[in-house]
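Look at the two complexes coming up: chain A is in both, with chain B in one and chain C in the other.
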Partner chain A sequence: MGSRFESGSLSARYGRQFVTLVLAATLVFLALPVVLTFVSSFAGEWVGALPSGFVTLENWNDVIVGTGVGADASVGSSLAYSAGLALAGVLINLIVGVPIAYAVARYEFWGRDWVNVFAILPLAPGIILGIAFLRTYPDLSTSGIALVIGYSLLKAPYMVMAVQSSFQSMDLQQIEESARSLGASWPRTFLTVIVPNAKAGIIAGSIISWTLAAAEFNFSYIVYSRGTPPLSIFLFNNITNASFLNAAAAVSVFFLLIALVTISLQIVGNRGAVRRL
Partner chain B sequence: MSDVKLQNVTKRFDSTLAVDDVSLEIGDGEVLGIVGPSGCGKTTSLRLVAGFETATDGSILYDGEDVTHVPPENRNVGLVFQSYALFNNMTVLGNVTFGPKMQGVGKAERRERAQELLDLLDIGELADRDPQTLSGGQQRRVGLARALAIEPRILLLDEPMTGLDAKLKQTLRQELGDLLDELGVTTLYVTHDQEQAMSMCDRIAVMNEGVVEQVGTPSEVYESPENEFVANFVGTSNLLQGTIRDGRVDFGFTELDAEGLPERDDATIAVRPDDFTVGEGPITAEVQNLFYLGEKVQALATLDDGTELTLELDRHRDSVSVGDALALDIDATHLHVIRQ
Partner chain C sequence: MGADADVAGRGVLARIGGTLSSLVFPVSERQRERRRIVVLCLPFLALLAFSGVFPLTEMFRISFSEARLTTEGFTLEYYRQLVVDPYYRTIAVNTLWFAAATTVASIAVAVPVAHSLEKYDLPGKSVMLTVLSFPNSLPGIVAAFMIIVLFGNTGIITNFIAALSGQSPIDLAIATSVLGLFFAYLYSMIPRALLLLRGTYAEVNTDAEEAARSLGASPLKTFWYVTLPQIKPGLIGAFVLVFRTALAIFGTILILKSLLVWTLQIDREIAQGFNIAQASAMATVWFVFVFAFTLLALKYTSAEVSI
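Then we have the complex of A and B:
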């Protein structure tokens, strides 16, 4: 038995190097398109295998100011619009998703498994939900309300799953009962003890559902009709109507935004991990 | 502090009878232990006292006041769980001041009270720490301080020592015992560990299948178990059949003087493993197995008629091997007749 793990065996000699190599190759494979896109957004042209004509801010200028061929609006307004819509979607998910995750993790009740299934399965792809929305609420498509509701519905599973795993990692019943025996009412227990204890999951769920909602294309493409386009539509217009380098700058703006949001939420999460008196 | 009474309390979950017509009284400042195997209804009884379950029948009184339908947050009970259940979003001090804050105690006063309790529990220097960075023993102390900070009418301890290593358990047992004596707080201590209960509690209630089998001081329950369940659950007992007549008990394999025991033809008599004298005596038993338990050695031996006996050996004096024939005697002064 032991001979398999002796120093002379293949896995003991090369196992670690092999795993490192596979990991590195996977990371490079995943990161390369992002890095290449970001780098090329500062290039003057891309003919052949690699971009050239560095460094220019022309592409960024086109995108930010809105003078690009494909854009009839600046990225700033689209970005702010999508960020706002996604934020509203996240707020709805927080208000609805956190209590659902709590109920499923904490209580045994009739239909619990079904609630769980409906909450964590993205039941309808964006395109189907979009068509259904258009047919059911045709008047809503001109406002952002349909987009907000759609984003929150489509991204709710990510919020519920992240928060639920936080709840499941703690002894929910005993924590709740301790707080109540100390004189806290149920709402107070929920808001001052339960929710703060699940902060890691709530922050993770918010980051995931916000970034996915801010970039949701299928639903936006079906439901959006006029006005400021959501970011995904804006990017699509850039990609289809403008040069790739123009689109690269537009995509890079979104990459930066995701990085910014993730880092700032993590800083907030770490700083407030334990409430000092 | 209060005296707490459970009067004919029954708790039913659908078709399961968890607590069946239980009546218990915990005197002011008394520590009452409820012991019993898993599913015997001890934790449900504690939850009924805390207010997390409502009795299907019967009532619960604090100082004569019926609290059966009072919600837990209005009962002023201190709860300590096996899992500590500390609030990890707050510091140690935040945990301990949480209860007084809910009671409306001013900031300065609740901080002072919390610090006093933490000092009393020897963890005063941990006030600003994150509970997650503490050891199991320290977390347990924080949980206790948090429960005591509200000056509870009754302190409820649900398996508070389970999961700790033996040494720490011993230390905490002594500390907790001293603390409860010092504070004089009415306490309900629920555990499956009868040794813990016997060492910590003024009285013990032994529960089985939702029913209280016996209530008494630890020595009463150990020395005079009322039925077979108690005799077997609290400590180890050899339950031997015998006939008691004319001041003598006849076990079949031996006869002893048994003054003071009630005359009976088919008595069940509890003999504790340490009531046997090993080395000399009229009884002969063959050793089937030996269990080295550290401080003592337990032997499983059989008599000629096949009766199995559990014996306690002196690990220094008795040099015994499996297969040996042991000469035994029974110390008749401790025999106890089980109620039929």
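Then we have the complex of A and C:
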């Protein structure tokens, strides 16, 4: 009995401290480099322990306007290009994701669990899908269409999950039956009653799949061949080839994008989606 | 081949034809509902077929191709290479132990973090949650950069330790060592594990824990005998998904380059001489392994997968 209480008092006394310490260490580990990157992107140089020479916009200028050296591209064109590709991916995701989320949430049918698994578990990760695309759609990869359809398949699960969580909080059968009994056809019920009611999930899903598509690196790296580099390739070029502080500025552009998206998700009010991002 | 298949398939075809016509021209409400389900699932299945199943099948075919630029003939050469060549075996072993080690480590960190978020009254919890989920939307290359910021030559932790021990920061920088890669993996995997475990933790029955505590069990014993059995299905599910994530990591390793893993070698096959058949064979092995692993894990364990 004595020993039991001894070990008990040990974890009673230090258990909470230990767990809190792990939490604090994790927070520092995840947040410190982000803060440091952002701060150092405004620094003139970083040779010693800490960056120095504040505040300069030189690095940001190099990233946003471009250095004009060699084939260096500015972030503006990459950002716009990636934004466009990701937006096209989101449109496809809306067309494929909303209906299947509804089918799984509303109906019981043979193979429903399997459909659900395929809808919410990514089939293959970016690099494998990229290899598969190389020879299958060689002509599409130069035009960006391959990127769009690849993004839409890779990010569809996030759309399906966000929309599904909206559908699950609605009494779908009742809503559908009310609309039908008032004389609306089924397509009309779906488009004008069901879909508008799931607005929050649809917006959240669109924002999430857009961000993740704009950030997708592995797939873009394999499939991208020439022309304007997508944002993630631009980041990669900066991280591997540019000076450390320029890379910090390029990564900070990306941080700002994510922060913007997080805030807009908060405004939409889908807090769960923010965590999931 | 066509004629034989036609004769054998006619009965089936007639049945499929019947089902199809009832789908297109439904008579009963039940058939109408079935048509709706098909219509709702069709766009997704089309995308899945066009951008998932078809390219993956092509990849599978290319991996047996004798010619380099067209899909011709049949050879097992590329798979034989993977089995016989010790080079590839080393890569496979590297990949598996490293993914397993990082998965275990990230779950070992995520459990206490999820525990504290669920049980403790912490100030600024919503800020913490934002910080803890932020890396989920960062690509692997950014995770690698974060590790360079922390552990590189000018890294903050490198310099901190250098100042304490008096050694040169260059000797202490671990960003491009295997340990640095380990941390880079954790950087993307801890938030992912946490996301999965938080859902599990939310469902733990707190009454049982309180009962155990009031009956004299220590917090550790309570965790071990009361909390852990409850979160076990979620834990196994998290293990499966995080392990998958670890195997798929590519951008991080492409920048840090400290360990030759499967995904990096796939890229090298392409980059060095466009050996697409070998790369396809490796990608096929990856896909089949992960697919089978996920199926078996979901079927034979109590794993709960909810993303």
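We adopt the following convention: the second predicted complex is superposed on the first by the 227 of 277 C-alpha atoms of A that agree within 3 Å, B and C clash if a C-alpha of one lies under 4 Å from a C-alpha of the other, contacts with A are read in each partner's own complex, and residues count from 1 in each chain.
Basically, contacts are C-beta pairs under 8 Å (C-beta built on N, C-alpha and C of every residue); 3 or more make two chains touch, one makes a residue touch a chain.
Predicted, not measured: the structure shown is a model, and the values here were computed from it.
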Inset, instruction - Go through the superposed model and pick first if A:Val193 touches only chain B, second if only chain C, both, or neither. - result: first
Legend entry - Contacts of A:Phe109 with chain B and chain C, given as first, second, both or neither: second
Inset, instruction - Considering only touches as defined above, state whether A:Ala83 meets chain B (first), chain C (second), both or neither. - result: neither
Legend entry - chain B versus chain C as contact partner of A:Leu140, first or second or both or neither: neither
Inset, instruction - Could you look at A:Asp171 and tell me whether it touches chain B, chain C, both or neither (first, second, both, neither)? - result: first
Inset, instruction - Look at A:Leu10 in the shared chain and tell me whether it touches chain B only, chain C only, both, or neither; answer first, second, both or neither. - result: second
Legend entry - Greater residue coverage of chain A in the superposed arrangement, chain B or chain C: C
Inset, instruction - Could you tell me if A:Ala179 is touching chain B, chain C, both of them or neither one (first, second, both, neither)? - result: first
Inset, instruction - Please indicate which partner A:Thr37 is in contact with in the superposed arrangement: first for chain B, second for chain C, both, or neither. - result: second
Legend entry - Footprint overlap on chain A, where chain B in one structure and chain C in the other make contact: 274-277
Inset, instruction - Going by the contact rule at the top, pick out the chain A residues touching chain B in the complex. - result: 170-171, 174-175, 177-185, 188, 193, 196-197, 199, 273-277
Inset, instruction - In the complex, go through chain C and note every residue touching chain A. - result: 32-34, 36-37, 39-44, 46-48, 50-52, 54-56, 58-59, 62, 71, 109, 112-113, 115-117, 120, 122, 128-142, 144-150, 154, 156, 159-160, 162-163, 169, 183, 186-187, 190-191, 195, 198, 216-221, 244, 248, 250-251, 254-255, 263, 266-267, 270, 276, 279-280, 283, 286-287, 294, 305, 307
Legend entry - Contacting residues of chain A [partner chain C, same complex]: 4-5, 7-12, 15-16, 18-20, 22-23, 26-27, 29-34, 36-37, 40, 46-50, 92, 95-97, 99-100, 102-103, 107, 109, 115, 118-121, 123-129, 131-137, 149-150, 152-153, 156-157, 160-161, 186, 211-212, 215-218, 221-222, 232, 235-236, 239-240, 244, 247-248, 251, 254, 258, 261-262, 274-277
Legend entry - For the chain B and chain A complex, residues of the former touching the latter: 50-52, 71-79, 81, 83, 85, 87-91, 93-94, 97-99, 102-103, 111, 128, 130, 143, 146-147, 150, 156
